[in-house]
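Here the structure is laid out as structure tokens; the discussion comes afterwards.
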């Protein structure tokens, strides 16, 4: 259990931008100076996202087609990222690999977000024995380092992409749950909530109209952090051989396969690795910018 | 602005470091190597990288090639083998006589030898060690030392120490391979002192009679060996040998490139062309003889694999050329069948059957009248070239009407599953462990391989094949034996319960200063460290 | 505070029980037969019998659970499914290397991270601050295996400054007492072994530490800024240097507490990173033990390793929390 905010009673500020007299160009350049990293990150990540979603359009070849005649070819006009040891086009595999990685990370995020949100709201709002029970469960889950928990779940459910996603999802639930709960606890204590209650407003209304809107900023920041961690963990587990099946394009697995070719065909490991680093970096840039923008005082999550 | 610059710099650094490696290799000119036979020098430490190290060095049940390298260095049997000529050479026995009917062996043991722990090497010690698996009362007896089964013990009438320096072995039936099986690790002699002192744990404290002795053994990790000054043939050239297990090919490659490893069989084959082209990297490749068969075992008890046409279809569906080029980086030869070019009785005619013909494969499946696609599971070890081979074969089989599920396993689980007969299709290899074909054909012997990978006992020709294999060992005339092994090959091709993929010509990765690495035994994994020396 | 402490301490055995039980049940819902490969691997029949008793599916789960808990209370973690070796021996061999690794990684990440954070805040130039921030985020974004591979290529293979794998030079002779290299080799005065050990430790520890460094740097920076106010330092040119230093030092002291708490949680990330890093560096620690056990279906070892690592994490976090409260009792806890 981590000692959290020092002062629990002050409301969270919401940033406002001046809307009237400053010309657009100047506003944009000011934004750019302040959030250049986040913008770069945002643009890059959007590109990655689009390419992944429309993989069949962008990928020049089928990622699984073998072409043994041109195996281990370096980057060329025909194969921009070269070919791997079975002659498969690396660029196409990187694109489809991005699909595997991003879909998995988003799925895990969605799962942990949804479940963590529900648990956090119930625990924070209802309080009492329900709160205690949920938090104890979360504590138990948090007793495991997240990679370890993911590994345990993968071992018990068996290897494979789906199970890895479930494992990462489960490992991330307690973080969301605790964050949500702490925010709910703060919000719930505020006067207008008590007032609304005394006026007979239904719990559901209070939750949706008062609590939710104020939760979004910190949740967004946490979500970007969790997405980055999810991508990193997913690829790491695939790198170790605990996830996707042999042959499925995935950045982690491609780096693992390319590891023993580093001196003969470095492009096989280099490109998927580079894409992985840049993607995680861009997500972190976005998160950092969000964090700066939304509330410089909000520092109750552990990094 | 600065942030962007930094990002570019970081990426540049990464690219530079990787391209530096390539540039480094390309800048130097390939220099011709002086390969003149020089006088061996003494001294130095040889660092060997292995793919594994078992948890015990007990010759009754070791696992993996790492343990094999260690045991081959520290052990010595009655005799030794010359892999090239197939001749039997003196070991602990300086001479021997075999009766004309092949039933009586008398070995004259060298006088004055000692084991690595100081105990004298007597005929009695030798007999005790050789009879270990038959003597439950011996403190070093362990129930389950299956390796000893390779010694032909079931055929022994008696084994006695006639006097301190003479061992006599009487057989029930003649066995043409009896002398050669003594060159297996299970034929090495363990010191009685070690057996008494350590009992069942003697595998952790092996004291034998070979050219090197154990200084330190860390189960599962490494063994550090020192030269044995009391070795009967004289102290070997190297001071020390360190045999270390690495978890995968990538770490062996890294160690090789960093100069930490001097000799290994287990680096990635894809590195071979580069190392062969650029000798300035301090490494060279010694290409081994084709002594390792790569094969696909088919479980004939699984429907519809019990239909020989389906098995033949599998045979014709596989593109061996692609396997050799893409999976083995060219380090292999197109196969015939169960025996390889160096084996007695090898018949190259089999090559016409073991070859790629996907049209014929599809025809056979149609003829067999089976419903397509046929679901099969392909089990393989998750290291070295096996995953790539599995992918290639899976592609081939899927193309003709199979539906392959890949079953990646670690070394231990794979060995277990295979020997328990639970695989459907399995990728494996068989080395010429000793220069005699009998070892290799045992894989299709229905008694000795009962319930194994291909379940040979379920074939209609099982009894016939067993009788042939048996006569292969009981026939003493080499020419007659050759004829028998030719027949065995034909039968295996006919039944196709084992499909042969390639004869591996293993590349041996050697550092420049390492001299005199032989291409025969080493290729089969039986490295003879006695002849190796280091240029100072 | 005392009550909080007592509650945490009382909670500890319950957590231990919960972690062990969760691991136990997680490993008992494995599809297929978990001991299938065992029978075919081990040759010693007595060992097979023991493993079958602990993992055999013929017995009801609660019977196995009772046996498992009983064994655990006696400190008996069972025997390995693939080799039959007692797991306590394996732990003796593998825990110290990982402890050493994470300890050094912590030192690296804490010192570098704090230094970077301080530089970021103390500098008058915004550009330096930006560079440090970017480096910190980049550090946080590098996957462990990528950093590990990169370090090996640059420092082991190209520069040959450090070895590619292992814990210590295999050709060196050294004594094993506690199996903690630092203790053992200092006691026996074996400086050669100590040097070799350090050379082997540097790269893997850095690989794990880099990610943490980024987190620490960012936290140091933001914690210090919270205390000072983000524009104070830069605009306070008129104030004397000594006053600025005092302010910075005060701000740093303020940051130490959250950093401490962060490191407690980061320890878990380090343990996870150790699994990956030890794999790439072939480092003989708990991470590799766990990974090898998973890949070889040695569920006895997986069970023991997970429990041990999770417990270490729990204990470390407890210690950190106690320390935090000891330092600043004003902290209110939920």
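By written order: A, B and C. Residues from 1 in each chain.
What we mean here is this: a contact is a pair of C-beta atoms (placed from the backbone, for glycine too) under 8 Å apart; a residue touches a chain by one contact, two chains touch by 3 or more.
Just so it is clear, the model here is predicted, and its values are computed rather than measured.
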| item | value |
| --- | --- |
| Per-chain Cα centre nearest the global Cα centre, belonging to chain | C |
| Reference chain A; chain at largest CA-centroid distance | B |
| Chain pair, A-C or A-B, that carries the greater number of C-beta contacts | A-C |
| Intercentroid distance (Cα basis), chain C paired with chain B, Å | 39 |
| Chain A and chain C, separation of their C-alpha mean positions in angstrom | 23 |
| Centre-to-centre distance between chain B and chain A (centres being mean Cα positions), rounded to whole Å | 47 |
| In chain A, residues with contacts to at least two other chains | 37, 241, 256, 259, 262 |
| Touching two or more other chains - residues of chain B | 3, 14, 18, 21, 257, 382 |
| For chain C, residues contacting two or more additional chains | 134, 138, 153, 279, 295 |
| Footprint of chain C on chain B - complex, ascending | 2-3, 6-7, 10, 14, 17-18, 20-21, 24, 45, 55, 60-61, 142-146, 216, 219-222, 224, 240, 242, 244, 246-247, 251, 254-255, 257-260, 382, 410-413, 415-417, 419-420, 422 |
| Contact footprint of chain B on chain A as seen in their complex | 36-37, 40, 66, 68, 71-72, 85-87, 241, 245-247, 256, 259-266, 270, 274 |
| Complex interface listing, chain B residues touching chain A | 3-4, 11, 14-15, 18-19, 21-22, 25, 248-250, 253, 257, 268, 270-271, 273-274, 322, 325-326, 382, 387-388, 390-392, 395, 406, 408 |
| Residues on chain A engaged by chain C in the complex (per definition of touch) | 1-4, 6, 8, 37, 139-140, 143-148, 151-158, 182, 185, 228, 232-233, 235-236, 239-242, 252, 255-256, 259, 262, 269, 273, 276-277, 280-281, 283-285, 288, 296-297, 299, 302-303 |
| Chain B partner contacts - residues on chain C that touch it in the complex | 36-41, 43-45, 82-83, 85, 127, 130-131, 134-135, 138, 150, 152-154, 156-158, 160, 163-166, 170-171, 173, 279-282, 284, 288, 292, 295-297 |
